[in-house]
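The two complexes that follow have chain A in common; it is paired with chain B in the first and with chain C in the second.
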Partner chain A sequence: MSAIESRRATLVSVRPTSKLASRLKRIALHGAVLLLCVVWFTPVLSLFVTTFRSESDSSQTGWWHAFVEWRPVLSNYVEAMYLTGVGRSVVNSIVLTVPTVLGTVLFSAIGAFALARMRFRGRIALFLAMVGFQVLPPQLVLVPMLKFFLAVGLTGTFIPVWVIEMGLTVPFGIFLLYGFFSSIPSDLVEAARIDGASEPRIFFQIILPLSGAVLASLAILQFMIAWNHLLIPLIFLGSGSLSPLTVQVASLAQTNAGGLNTLTAATFISVIVPLVLIVSLQKYFVRGVLGGAVKG
Partner chain B sequence: MSSQILQLILGLLSLPAVALVIILPGELAIRRFPQKTQSSIRPWIWLSPVLALVGLVIAYPLVASIVYSFRDATGSNWVGFRNFVWAFGTAMRPVLFNNVLWIVVFPLLTAVLALTAAIMLDRVKYERVARTFLILPTAMSFVAGAVIWKMMYTYEPPMQPQTGTLNAIWTAVTGNMPIAWLIDRNVNNYALIFVAVWMSIGVATLILSAGVKNIPRELVEAAKIDGAGEWAVFRFVTLPSLWPTILVVLTTQAIFSLKVFDIVYVMTNGSFGTDVIANKMYSELFVKQNLGTASAIAILLLILASPVIFMNIKQIRSEGGE
Partner chain C sequence: MANVNLRDVRKVYNQTQVIHGVNVDIDDGEFVVLVGPSGCGKSTLLRMIAGLEEISDGQVHIGSTVVNEMSPKDRDIAMVFQSYALYPHMTVAQNMGFSLQLRGDAKPEIRAKVEKAAKILNLEALLERYPRQLSGGQRQRVAMGRAIVRNPQVFLFDEPLSNLDAKLRVTMRGEIKALHQRLGSTMIYVTHDQIEAMTMADKIVVMRDGFVEQVGSPLALYDRPANLFVAGFIGSPGMNFLSGRYAQGRVWIGDIALPVAGPPSSENEGRHVVYGIRPENLSMGGEAGQPLIVEVVEPTGAETHVVGQVAGQRVIGVFRERVTTRPGDVLRVEFDSRKVHLFDPQSEQRIN
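This part shows the complex of A and B:
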């Protein structure tokens, strides 16, 4: 009895300090999270602010000076769009990315359907090959693909880039879709089969409609990859009239043509689409990343 | 411009057509066969588009690169191991050393920061909002990240007003001399690596956050009842449970370190002792037009990546066995 009493007494006496300690801990935690967010966001903010500053302002003061003296100009965007070829590059990036995404999703879905829903010799080996191909350095494909597309006369079109971007992502796409396709209940498929549904019908009318979310995840990931890649379009489209945004911005940055502020406007134009996508479709992006990464 | 639109339409029609050109007629053709024959032919009909694509873009280049790596600059004569002797020679040594630095520093720094972020974000209510801030750089191209950080690292001579964010903070707070982040050989490689860290934290945090949330609450509670403090809980519960996930993050970033190209290409183009394997390969291929040495570098990358390739295969295999 007395033991309990004394225990209660110490508890009461301990409480205020531990409450203070835990409150301090909470404050430190919020402070650290806030600091991390600020540090991570500042570079993005600096880009955005610089796009609205004039060349003369930027050469004399840092971007943060805009908060002291706000003199926004739009000339950087106008110059980027019309003088440095960024407007044309926006179209090129779309022409490069949209067919790549469609093709990647379709090829991956067909491959995953075969691997997940059919039984044949070599199935496991083929699946494991896809796992291995996912981490292959893309540099490996450059020389042979360059020779191949020169030989068939398709360089200077978007075809090599579509094909290579698809080929590099489809192993991952199959891996991502495989798990989901395997988990679709067999009863559903069997019932359709008994009703006389053909295999393409099962694929297009049962499997694909059920997989909307995971297909969207693959689509958004491949959109980001293809839209943001530099090396493949740099080699197969060059920095001429077919160059997508990454190649155009990289060459502006290297040659310093057009000046810093035009470069920042061009850069911001190049990131706006993926930024909007990742904020608005974050759920699908997260699912794709986790579905493809977490093993075990 | 109209040629681009034409190509867009062509792509949207032809890529699905190529995917289905064998499957749909093939399905019609095998319909007459007995059920058993059908189900043994069908998988290969459905696999044909993927086998053709992966065969062309991955399997063929894999073999062809090996062949080219033993041939001369134009790919016409055998030269034995000469390209590999060059690849491990004095010209490549500083380049290889830089990649070693990337492989050690980049995955570790990313994993430590992402793990810290994942554990902290797990304890606040506004996790989703904070996470969005960390993911934003991930959505951008490495080219864009490089442009942004070229600005952040801007260097003006001493006594001039510093317009780069880092030098402005550095000289204001401590009264130090400004640092030429991208030129000074003591810091420039780390400056480049940090750009990659800034861009990769988002995905690494996502993956580790999922891992943190998978740790059973009871395990943490039990440890706390046993008197474990924050550090002990982290050391003996969190870290061991997360270890497989941390390994995924580390290996993914190690592979990235091997093939890093964009950041170096835009920020320094390999000058001031920052060259890496992938940039060297690009210059061998396009400036020197040497298919042999470029292919030898590609094979070198493959050899360096192969432990991770086999590790992943083994991992998936063991999961399939369960």
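This part shows the complex of A and C:
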């Protein structure tokens, strides 16, 4: 009796404090998250605001002054795009990135399909080798590759960059897609086989449509990688008229041609493309397409 | 339309043999059920007929051709999977028309065939839906529709109903049967459920561990099981097995003598036997009956199941009449001597 009563008493006395504790915890958590947001967002905001301020404004007042007195100008963007060659390099970046992304997705998918859905000799060994060699740093291949492409006379064109960017990501892509393809119920493939579908058709009409989300993930990942690479295009294309944004912005920063605000505008241009891409495609990261394939 | 013949078919998966020389003849238009406990090789056998598994040895004939080396699409078969295996990114109509499209049929022709099949299966209202928008039973129908549109020589079903609830299963059982009558095609149906086998089949093939134990019509299997396994597998509740000794037309279970109809068998004289009798072949007896010590009474409404002991061995009886008895009571039951199955305890084969 008394034991029960005393336990009830402690329960009653404990409850308000535990409630308070959990509330404090929540506040602390929210505070921490908020702080992180501010820390991350402030530089981005300052960059963004600065791109719209004139050179003279920037030299006199800090970027936050823009909120006191908002006098936006577009001259930084205009200058960046037309005078410093950033405009041309945006086109170069796209020409470098888009085929790289498409090729990476296609070759990864073909390789993963073969490994996941076909039975052939040396399949496991090939797969392990591909995963294993990823521990080697990518810089390792650059010198031999440069020698090779010099020998075949393809340096100064986009081809070596496409090939190497693909080559560096395709093993990971195969690894990623292999897991997904293996999880597609084999019944589905067999049903298609009985329906009369050939292997390429199974690949293009059954496997690929079901893999939208994971293919998009790979594409976005490779887009980010290729878009941000500096070293590889620099080695194979130099900093001439074929150079992409990364190289262009880097040399802009070095030479300081066009001033600081033009540089920030150029930087912002190089950030905005992947940002828009991610925000607009992020549902593919989340959504699974496989619902309804089997009982569920 | 075609017959299907399996000639000494074997399957070996890296050194383990899972199908041991199966011979089955399936006539044109027959509904054959492959039944057996899980893991006995039913699916493997069906998949070999479909062309999804290589045939390690032996021959599979469909019609008059040996199809061993043919790809699935050339065998003129259709298969319904347990998981339905509908293409999630295609509508019902596209799912059903996919094979026709691959075959190169014209669009209006495909549309007509799909609509005809949809009408048979009551799917007309669902043609533009995606599989994820359908219930389990509807998905099952679509899977059947996908098979029907091709008008194949042979239909293959691998446990198509086991993902449905009990009530729907009974309905679909009837529908598949009706479909068979309507189309008249050869159908091969795999299940682990002996009731499905009994109710649907023209011919049942009972399998165990990669061997065929018995082939026959449902009632032949029920009335004259060839061995202990088939006797125990077919029928629910299962057959009673009592071990005893045969002497002069009777089986002695302890000190109780149960007669076996027909002339006494001299070769069984004095032999240890397994005495088998189905629960419904027990009946309420008067003073002449054998004593059954009641352990459990289960009224199902239509009939009453009584579990008890006869001479120290467990027996189940199914009685049409209402039995008002309690555990511990002694019932007097008669064993129908014309319905006795005798088996050899070593070889497990039937001996009467």
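Assorted remarks:
Note that the second predicted complex is superposed on the first by the 254 of 296 C-alpha atoms of A that agree within 3 Å, B and C clash if a C-alpha of one lies under 4 Å from a C-alpha of the other, contacts with A are read in each partner's own complex, and residues count from 1 in each chain.
The working rule: contacts are C-beta pairs under 8 Å (C-beta built on N, C-alpha and C of every residue); 3 or more make two chains touch, one makes a residue touch a chain.
The shown structure was predicted, so the numbers you read here are calculated from the model rather than taken from an experiment.
Touched residues of chain A, counted separately for chain B and chain C, are more numerous for B. In the superposition on chain A, A:209 makes contact with chain C only, not with chain B. Legend: residue contacts after superposition of the two complexes on their common chain; A:231 is shown touching chain B, with no touch to chain C.
Comparing the two complexes, residues 289-290, 293-296 of chain A contact chain B in one case and chain C in the other. Against chain A, the residues of chain B that register as touching in their complex are 1, 4-5, 7-8, 11-12, 15-16, 19, 23-24, 27, 31, 39-40, 42-44, 46-47, 49-50, 53-54, 56-58, 60-62, 64-65, 68, 75, 117, 120-121, 123-124, 130, 132-144, 146-152, 161-165, 168, 198, 201, 203, 206-207, 210-211, 244-245, 248, 252, 255, 258-259, 261-262, 265-266, 269, 278, 281-282, 285-286, 291, 294-295, 297-299, 301-302, 305, 308-310, 312-313, 315-317, 319-320. The residues of chain A lying in touch with chain C in their complex are 185, 187-188, 190-197, 201, 206, 209-210, 289-296.
Residues of chain A that touch chain B in their complex: 29-30, 32-33, 36-37, 40-44, 46-47, 50, 58-64, 88, 91-92, 94-95, 98-99, 102-103, 106-108, 110-111, 113-115, 118-120, 123-124, 126-128, 130-148, 157-159, 162-164, 166-168, 170-171, 174, 198-200, 224, 227-231, 235, 242, 245-246, 249-250, 253-254, 260, 263-264, 267, 270-271, 274-275, 277-279, 282, 285-286, 289-290, 293-296. Listing the residues of chain C that touch chain A in their complex gives 50-52, 71-73, 77-79, 81-89, 98-99, 102-103, 130-134, 136, 139, 146, 163.
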